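For clarity, chains are labelled A, B, C and D in written order, and residue numbers in each chain start from 1.
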Amino acid sequence: MIRVGIMGAAGYAGSELIRLLSGHPKAEIRWIGSRTREGEPFHKIYGNIYRIVDLEFTGSELQELSKDTDVIFTATPQGYAASVVNDELLKNVRIIDLSADFRLKDVDVYEKWYKIEHKSPKYLSESVYGLCELYREKVKDARILANPGCYTTCSILSCYPLVKEGLIDPDTLIIDAKSGTSGAGRGLKEGNLFCEVNENIKAYGVTTHRHTPEIEEQLSYAAGRSIMINFTPHLVPMNRGILVTAYASLKKDSNGNVPDADELISVYEKYYGDEQFIRVLPKGVCPETRWVEGSNYTDIGIAVDKRTGRAIMMGALDNLVKGAAGQAVQNMNIMFGLPENTALEAAPLFP
Amino acid sequence: MIRVGIMGAAGYAGSELIRLLSGHPKAEIRWIGSRTREGEPFHKIYGNIYRIVDLEFTGSELQELSKDTDVIFTATPQGYAASVVNDELLKNVRIIDLSADFRLKDVDVYEKWYKIEHKSPKYLSESVYGLCELYREKVKDARILANPGCYTTCSILSCYPLVKEGLIDPDTLIIDAKSGTSGAGRGLKEGNLFCEVNENIKAYGVTTHRHTPEIEEQLSYAAGRSIMINFTPHLVPMNRGILVTAYASLKKDSNGNVPDADELISVYEKYYGDEQFIRVLPKGVCPETRWVEGSNYTDIGIAVDKRTGRAIMMGALDNLVKGAAGQAVQNMNIMFGLPENTALEAAPLFP
Amino acid sequence: MIRVGIMGAAGYAGSELIRLLSGHPKAEIRWIGSRTREGEPFHKIYGNIYRIVDLEFTGSELQELSKDTDVIFTATPQGYAASVVNDELLKNVRIIDLSADFRLKDVDVYEKWYKIEHKSPKYLSESVYGLCELYREKVKDARILANPGCYTTCSILSCYPLVKEGLIDPDTLIIDAKSGTSGAGRGLKEGNLFCEVNENIKAYGVTTHRHTPEIEEQLSYAAGRSIMINFTPHLVPMNRGILVTAYASLKKDSNGNVPDADELISVYEKYYGDEQFIRVLPKGVCPETRWVEGSNYTDIGIAVDKRTGRAIMMGALDNLVKGAAGQAVQNMNIMFGLPENTALEAAPLFP
Amino acid sequence: MIRVGIMGAAGYAGSELIRLLSGHPKAEIRWIGSRTREGEPFHKIYGNIYRIVDLEFTGSELQELSKDTDVIFTATPQGYAASVVNDELLKNVRIIDLSADFRLKDVDVYEKWYKIEHKSPKYLSESVYGLCELYREKVKDARILANPGCYTTCSILSCYPLVKEGLIDPDTLIIDAKSGTSGAGRGLKEGNLFCEVNENIKAYGVTTHRHTPEIEEQLSYAAGRSIMINFTPHLVPMNRGILVTAYASLKKDSNGNVPDADELISVYEKYYGDEQFIRVLPKGVCPETRWVEGSNYTDIGIAVDKRTGRAIMMGALDNLVKGAAGQAVQNMNIMFGLPENTALEAAPLFP
């Protein structure tokens, strides 16, 4: 059994880890941590888990906790993971960090967008970006696994093949994303109250959202050069789900023609055809968040506008599963040599 | 492997059967039937199942289909199951009927409330009412299993112990129930359009809802005499979930006192303490539909109003799982000698 | 012009007062107060009002503010209004209190249910309970108007005629109420976050909700004796609206018969037939919150269950309008001799 | 009094016309028409209007109805208005058409995108496109007023000033739009059922939505040349509201710089500063549909991404008011010489 610890288990992503791991045949949650809830039973704040998981929050020190632990998930605010990682800790455990601390290789970019000091930049070079469909081999040996952001996972998976193959002009890439409200976390903010979110849609973080540089870094690797994009997130009155609608100009062939949707879909199939958790949709079918809810799937659909010469790339995933806890478990499975889909095979829940 | 067929698979309950059975290690869906969708792939109308279950609707005759089938689930409109059951069919298969056709023992009551003729009343006496927490032994040998209604399951489980123990006056029982909209099915009715349901709550079927006699029959067995209740369902703007709030006068002891909540909770524990799928909540905790969503659990909470001498009995379940498909799978597991929780252990999904 | 001041304008009820009064031809908002937002423009926190109402929160003393004010609305937490009312203030202004401070005549009942000390019990006897359909004449001269609670207004209006006429046994009265989330206010509580409310229904405050004694007091007046009821509120995932479903045993005539729905409806027509803002629905029609949203209307429907001898009384209103700000404006209109419907004639908004 | 008739009054836009006109001091609804509901009272299908408007659907001929009518609103399916307009009818009445029949000047474009034959192309040249903030003078004298589409109104108003002033490159314009579900109408389609829309977001009509050529035509006028755009609508689980997020590359000045948000906002103020129903938001404030719900306002916000050199233009309106019935009433007011805001001054409803 993999012995698991979870820091930041009181948040939505942490609780989703517990839900998923409660059905994992090869992992056992040894402890859960929260800075503010020591001694409180987990089911008091997540009634869904009542009589299914019997855990209470611990207040012990991380180093102490790490002794009988194989892997620690940090579902914690930005800066926490970077502040606690050290060589001694890494002797005992491997870290799967759901925050952004180890996602960006350039510490200056991190500090500029997150506006906090990075406490352990020396680990940035070894940390592995856990988008396992792209970096599966590296994930296997990671000591520090940087689990990608929710918007980021959806955006990169939706655009990667066309950028990598040079079929679109990455300088024209615009990503318009829509997210359910669980992405905003369980913290108390007026903007997250039911009556403020319900019957409303809005953009937020326009030109400044922190997932922007993460998308740019990964797509720059794909493009083979540094690119910049526009990324605009929107808040949607639903619990779960991210939908990405991305636009880019297709490169023309020597006759001035652009590829059609069938050709682009076959490119996606080349990249993702063997992936269990990525479903490339048939031509004319658009992804919808309802079809992936509660599951680790990402659905991707592609359209081409011959009139304007643009590709429209669309992706949908569940922000708490493939966008957070599910992908983290998928990475854990890879890191520990288990079948990648262990505990992740539940079909999406509809309606 | 249990060879399964599903009639009426295009509806929400049918699709939920497919979702649950897709994760069942001992059952295999052999065919799915729909009167109107022959030849259509299932994933065309339920995109969540795309690339998970590969089935298309068959148009074959039931008798023919039954030959290589062990059990048929009928998630069909009222009247269908009664019209197709016959001795020949029952030689091949066992029937788990999710409609009301075999729930009421008295054919007159059925015909009065459902306003259709019952086509095979001769099977009513042998059919087993599949509220397995009450009738587990009988379920084992059922040829025709009448899977209980969603409101009914929640109402009976919430009230049964106090009626059975004679702690409340059943003539004072009032059940005020609230349901998510999936209970209304996938049929095209103006009243089920998003803009009609959203931002609204209403009662419907007041004094006339068809689950009334089903609740009355079962609670009459518990009371040892015929009882009548008021049952009022309400439509709530959410996808899944039923909440029951039931009221009844507690019987007074010789000193004119009524029991307190602790005493009542201990009665519920006596009945349900060993049941995996019924969670009796601690005093002061009210059931909420969010804590059972997507799962086979029923949560029950009890309060006592000393001022008025009434018990308030509350129950919550997911109408598509414990209220329909989950309970049907639970019954199948019992009927075929499998662990009762097979394919039903998923923790509730929150948020 | 009536010169209006509003204390507690930052909450949903306060903001609704501003919305309604912004369209009032005979009232002018002179100032709005909030203990925590002095100097902040109102439209910063209620963007709907941007460029419609140009007000910022004042921090001045109430006595000072009262000098050029005719009426003050207090949409404030329990205890505030009682703590500021005094003879000097009442020389300048009339008070319409949207809190519970002056609703209950018995200070002991207030202190028991609200668990705070009442700071000015001497004004309880003169304060007028502002359910204007019942107390219109008294409202005209009120110095202190106790604006009824949202659940209370809906519950009393739905049950009053049958209690008053002695047609039901008030000791059997059970009120099961359902409310949209704006009733919980704009305060930061985990339970009011979008992801906690959405896709959920729950009861709360079972046997202990503070609107219970308010309903009991008013219906006791109607019954001519002290009565006790059960009142259970539920939280519904919608912004606005209260639905009440009330149950009581009908009294039998000398032949053992109970009246039918037509007879009961004619009783309601007798009481409410001339009321603009109460719509008694035809037999068989149930009230729905969507039909009253954004308006001052209360819809009432009645059903009779001949089998059990009970009446089911149903009412729907918008908790922020007829359940709070609209009723307060209606009372202001009466107090200042204006047509009662001034600024309240907007038709409900659907969908 | 303006004598009004409404064809297609059974739909959401038609019912919204009735709601708005019920509060109009200078207009009187003489009749409402529906092909399928002759003789039915309007309040039977729109309970909000019960006892407020007393109308039943007529089945009379349009020519006959037009005799005592000054203006007919056609809130009817595409093709209807074009099929009934003729010179005789126009002798009696003016037409405000809420369908697309008279919006596009080029009949070929209409027939290509709508895939139906246009029955009266001869009226296309005289019809006036009723985006009154742009065409107020022409609206005054219109016999046939083509009321703009909901997406279109929001898209054009959001982008027009920058296109007109030549500040953006219109060939780079991408419009990503999000709409509440009332935009889909009250027709019975599986995709509009509550459980299909709730907890979901999806794009639809990608590259093929019919509002595309309407936006292109109007922005081509602004650009002074023919332009093509990408327009992608999305369905959001809310009743009302459209949000547009539009992207375009800013033109660089001779130093290679692009204007900042302040400069762009001042351009919008130049165009819309005197418009009551367009609110240009301060820098850093994004429009949200909740702030315009139930009202005739359009909120517009502008951001600039200096990194990519793009402007992000955002607009929000209520699709049934400014996007349909409200704009139609605004046009009627202009056509009949009334103050433009008559019956449209209600503040937005929040929450």
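Please note the rule applied: a contact is a pair of C-beta atoms (placed from the backbone, for glycine too) under 8 Å apart; a residue touches a chain by one contact, two chains touch by 3 or more.
Worth saying up front: this structure is predicted, and the values here are computed from it rather than measured.
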### Message
Taking each chain's centre as the mean of its C-alpha atoms, which one ends up farthest from the centre of chain B?
### Response
D
### Task
Give the chain pair, either B-D or A-D, that is connected by more C-beta contacts.
A-D
### Task
Over half of the contact pairs shared by residue number: find the pair among A-B, B-C or A-C that meets that against C-D.
A-B
### Task
Provide the C-alpha centroid distance between chain A and chain C, rounded to the nearest whole angstrom.
46
### Task
Between chain A and chain D, tell me the centre distance in angstrom, where each centre is the average of that chain's C-alpha atoms.
38
### Message
I'd like to verify one number: the distance from the centre of chain B to the centre of chain D, where each centre is the average of its C-alpha atoms, in whole angstrom.
### Response
46
### Query
Out of chain D, which residues touch more than one other chain, so two or more?
12, 182, 195-196, 198-199, 237-240, 288, 290, 293, 351
## Note on the structure
Touching chain B in the complex, chain A uses residues 12, 15, 19, 22-23, 46-53, 182, 199, 239-240, 279, 281, 285, 288, 290-295, 299, 345-351
### Query
Can you list the residues on chain B that touch chain C in the complex?
172, 174, 176, 178, 180, 195-196, 198-204, 206-207, 228-230, 232, 234, 236-241, 243, 245, 247, 286-290, 293, 303-305, 307-308, 310, 312, 314, 316, 351
### Summary
Touching chain D in the complex, chain B uses residues 12, 181-182, 186, 188-190, 192-199, 237-239
